[in-house]
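This is the structure I have questions about; it appears just below.
Labels run A, B, C and D following the written order; every chain starts at residue 1.
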Amino acid sequence: MGIEEEKYCTEYTGFEMMLVSACRQIKNDDIVFNAFHWPFLAVHMAKLLHCPDLFAVLEVGQFQDELPRPIKMPYSISDPVLVPNSLFVGDSIDALSILQRGEITIALLSTSMVDKYGNCNTTVVGPYEEPIYRLPGGGGATEIAGMAKRLIWLIDDHIKRRLPEKLDFITDPGYLEGFNSRIKAGYPPDTGPEVIVTPFCIMKFDPESKEAYLDALHPNISIEQVKENTGWELKIAKEVKQIDPPTLKEIEVCRQTMRDAIDQYFILKPEWTTYL
Amino acid sequence: MGIEEEKYCTEYTGFEMMLVSACRQIKNDDIVFNAFHWPFLAVHMAKLLHCPDLFAVLEVGQFQDELPRPIKMPYSISDPVLVPNSLFVGDSIDALSILQRGEITIALLSTSMVDKYGNCNTTVVGPYEEPIYRLPGGGGATEIAGMAKRLIWLIDDHIKRRLPEKLDFITDPGYLEGFNSRIKAGYPPDTGPEVIVTPFCIMKFDPESKEAYLDALHPNISIEQVKENTGWELKIAKEVKQIDPPTLKEIEVCRQTMRDAIDQYFILKPEWTTYL
Amino acid sequence: MPMKEAIEKLVHDDELVFFGGFGNGMTFSAAHEIIRQNKRNLKVTKCGGGIMFDQLIGAGVTNHIVTSHCWNGTGPQPAYNLRRSMEEGIPQKIIYNEQSLFMINMSFFAGYMGIPFVPIRSVVGTGIYDHPKEVGLKAARVKCPFTGEEICVVPAINPDVGVIQVQRADSEGNAQMWGLIGDTKYGINACKKIIVATEEIVDKKVIMESPERTIIGAHKVDAVVHEPWGAHPSSMQGFYYTDLEYRFKYAKETKIIEDWENWLEKWVTGVENRQGYLKVLGDKKINKLKAKPIIQGAVNYGY
Amino acid sequence: MPMKEAIEKLVHDDELVFFGGFGNGMTFSAAHEIIRQNKRNLKVTKCGGGIMFDQLIGAGVTNHIVTSHCWNGTGPQPAYNLRRSMEEGIPQKIIYNEQSLFMINMSFFAGYMGIPFVPIRSVVGTGIYDHPKEVGLKAARVKCPFTGEEICVVPAINPDVGVIQVQRADSEGNAQMWGLIGDTKYGINACKKIIVATEEIVDKKVIMESPERTIIGAHKVDAVVHEPWGAHPSSMQGFYYTDLEYRFKYAKETKIIEDWENWLEKWVTGVENRQGYLKVLGDKKINKLKAKPIIQGAVNYGY
């Protein structure tokens, strides 16, 4: 192997690839809404990798541009460790004001199910009043999805029921029924889902119809594999891009981040998806 | 003279009588909105006289139930002396919330002009766009007049132009056009002006028509004197009450309060009324 | 006033009850006392219901929750009593009046401000906007008279009674909180009757040392309860850290109904009060969770 | 960045300018620099205009004020430049878009929240509601979709540029204020361009010692100006007291136009910057106004 190739990692999981791929979406000058669960990990990694100055806003009204020292993964948005390590602590309305004023340039959200228009369901499988599975509810994701400029969905398992054609319930708005329906519902025109990141691939959204299509493949994944495991007739980009594997540095940071998260009781085996 | 009479003061000004009379309106268990200028003095006096536990709310969102020690008259609602002597310091919206939730049981306001329905003008004499005299504007008095349960107007000169039949401009709402017009405009039904205190007398409001009438006279003032100096055909209570003169204790506290206010550059000679 | 007395006096069946704290400073002690007193048909509201609401559902004291989520102990999983209730009607079917986090915050804010509604730029187009149609606190749209746009508005929530857990309060009820407050200040001030539970009772002079930390004034507080560790297993900034192990185990210990019943007996119905609860928790855990001091934030208030 | 440069870069003719501070922490230094740079046709807004707006009117830089009052130095008297402008058109006739104090606060709050309006329970029936019809920021009424009541709503104000004077900020613009804030936090965050003038520049670590005191984040600040005594003759909690004597004399010194012109020359146009102004003020007065320290408000932020 050449030197160039050596800097890439060769053994890693789909979950790790998803985190690395999501983390690469963040830029150093972004103002990121740092939401709980997988996004916490991706934002943490970005901070350690290529975004040392990243300005993060959290749901209970915190600003951060530094990680707590010694580095500690907050167990949630409401971890008290965040307070003496923040530049601002307010209340939830302060956090909402930042969203509604359009100051959040990027947000990542992990979710149970995303449909082809980038809508998300964390509420219910089956009818709302007579649920087959009652999910926990969305928290602040509704507003984050509604008002962040670039929204990145994370789905940690690329299977049909996580990526259905249509949802039983929209908890967080994507492009609703596609085309201009999101704008008609009153959401700011410069907002909306930009990509869906899964262990298999990155999907983007057609500028016209707002339907998600396959844009780029993670290494060693085939177009067929993606299509077979997606809940709708997935459209494919004319030229499907190939995503680089994690670099050695990326995977090192990723795994340390996951260990830090385990220490804080993050549920890394997402067993709850088996309910779905 | 008997002992009973001796406790009353015999020499005092109409301005002092107005302050004493206003101060007597406040009860120890009131939650008072403490507005700037003459009300500051009356509330200060009440605190020193018969309301040791009085809970006061100020326009920049402060709560107080103690006077600053050593006793110091704040020069205004925004005097920094108020901060380390308050139980709460918030912002102006916090103060408004207390008003709008209906928690203020009494408020005193001093003003330039009050009409027969208890409306006040601190904006303009003449047309709004082409003023004869431009007054400073009302500040927070609009909301205080709109939402305190018992509103006490202070007028420091009982003359016709300070008590006109109709105003050129309503800055702060009284009973608007009388009868139920205040309620129709959306103000809470349990709010509105209760009395007007002047150097001459106390006026109250007819429960039906909401027109101000003479209720009680300050000592040595005649009904005629009041009628002649009021800008509308003043109605008179069936039995006009006689108000006690200031007690020696009241006048002592009143004069010390005025000296404290002078030290803080309160303009005790209200020379600006000569513009009217 | 002991928590027992405060709940007896101020919380009644069928009322809408607000619980303060978002992650930090959650009012677990009050919730447990409500369970012990076997209140019925309470409506309960809280920005994030979490395992506290899961317990209120499992104990059968509430049939209607108004919240943005009901997660399990440490992550975005559904809690088991919630699932049993909604999927199987055990112990009873509840109404889950689902809100978004910021929507419910704005509803509390409207309640705080004494106004009937506040606009918000989200929710339209989602199921949260459309459901549940039958239970009141539903958003609507109005036309802005200035811009002409249609915008979502959410109604004020003014609970019958509310309870918060704060770091300190004076004996009259002037209560202070710092760190992560979430919706606590707006929610509690929107309530008609108010219970303040506090880690410490302090002199009024301490309150006046940093008056910006006061979130509610004594003039509207109905009961002050001295209740150290009242927020466990959530954190209280400056006092104790979140009991992550306890919360992590909660999911396993409540997954089947028999285990839930044991859990409830062990931590709630089998103890008399918070002191009893702390005995079950044990000194070792208590010492482990105690916050290391970081005393800071003094500024010059001089004039 | 010096104030001169900040105003040159960020404040332009015809813009709507927000000034922070309500009584305490008023941005006099910025207002004076705006006068020196001879800006024209500014619209200016501030919850209470006071003598700062009187000066902007007298100097002819504004033709439109949006505020709840324009008092003289120490009490509810009208200020003289305001009167000359409105009664005699000297130096020009301005539009006084009169607001109530809480109405303008709610308008700033709506701007802060990124929503087009907020309800308020006052103003209807007053002249403030009805006038001035021609200039935009006028309240309206809408029907509440929940209660059916008609309620007053006030529009959002989002100024083109805003300036605040704070106690401390870091070099990137994370700015902190304590004590009496009034409308400052909501107003400045509603602005499109932002200037932070500060008594002290501190390390980021100092900001993080009490993060609840931060009123605006660096991510949206366009200029940080190190400007000690920038709020004189208003107070700055922990730094200096209000100069009551100066404010009291202001009324006399500006009553006739010749005196006003002398006043303006002495304190504003005749000095180069705030340092020059402080020389005119003199060390004796400066020492007299300096705040005696009251260092307090530390709490335990431990976890």
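Assume contacts are C-beta pairs under 8 Å (C-beta built on N, C-alpha and C of every residue); 3 or more make two chains touch, one makes a residue touch a chain.
The structure presented is a predicted model; accordingly, all values stated were derived computationally and were not measured.
K.L.:
Which pair, B-C or B-D, has more C-beta contacts?
P.N.:
More C-beta contacts join the chains of B-D.
K.L.:
Computing the C-alpha centre of each chain, which chain sits at the greatest distance from chain C?
P.N.:
When every chain centre is compared against chain C, the largest gap points to B.
K.L.:
Indicate the whole-number Å distance between the mean C-alpha point of chain A and the mean C-alpha point of chain B.
P.N.:
Distance between chain centres: 59 Å.
K.L.:
With centres defined as the mean C-alpha position, give me the chain B-chain C separation in Å.
P.N.:
Roughly 41 Å separates the two chain centres.
K.L.:
Can you give the whole-Å distance between the Cα centres of chain C and chain D?
P.N.:
One centre to the other, that is 38 Å.
K.L.:
Just the number, please: Cα centre separation of chain B and chain D in whole Å.
P.N.:
Spacing between the chain centres: roughly 28 Å.
K.L.:
Could you tell me which residues belong to chain A and also touch two or more other chains?
P.N.:
In chain A, 62, 79-80, 83-84, 89, 93, 96, 99-100 touch at least two other chains.
K.L.:
Enumerate the residues of chain D that touch no fewer than two other chains.
P.N.:
Only 114-115, 120-121, 149, 151, 178-179, 209, 212, 235, 237, 241, 291, 294, 296, 301, 303 qualify.
K.L.:
Between which chains does touch occur?
P.N.:
Result for touching pairs of chains: A-C, A-D, B-C, B-D, C-D.
K.L.:
Which bits of chain D are touching chain B when the two form their complex?
P.N.:
22-24, 47-49, 67-72, 74-79, 82-83, 86-87, 96, 98, 100-103, 105-106, 109, 120-128, 131-132, 149-152, 178-186, 234-237, 241-242, 244-245, 247-248, 291, 294, 296
K.L.:
Which of the residues in chain A come into contact with chain C in the complex?
P.N.:
Spelled out, the residues of chain A in touch with chain C are 36-37, 59-60, 62, 75-80, 82-84, 89, 91-93, 95-96, 99-100, 110, 121-123, 128-129, 131-143, 146-147, 169-173, 176, 181-182, 185-188, 264-267, 272, 275.
K.L.:
Hey, which residues of chain A end up touching chain D in the complex?
P.N.:
Spelled out, the residues of chain A in touch with chain D are 31, 55, 62-63, 65-66, 79-81, 83-90, 93, 96-97, 99-103.
K.L.:
State the interface residues of chain D toward chain A in the complex, per the touch definition above.
P.N.:
Interface residues on chain D, with respect to chain A: 112-115, 170, 174, 189, 204, 207-209, 211-212, 214, 217-220, 301, 303.
K.L.:
Can you list the chain C residues touching chain D in their complex?
P.N.:
Residues of chain C touching chain D: 114-121, 140-147, 149, 151, 153, 155-156, 167, 178-179, 209-210, 212-213, 235, 237-239, 241, 291-303.
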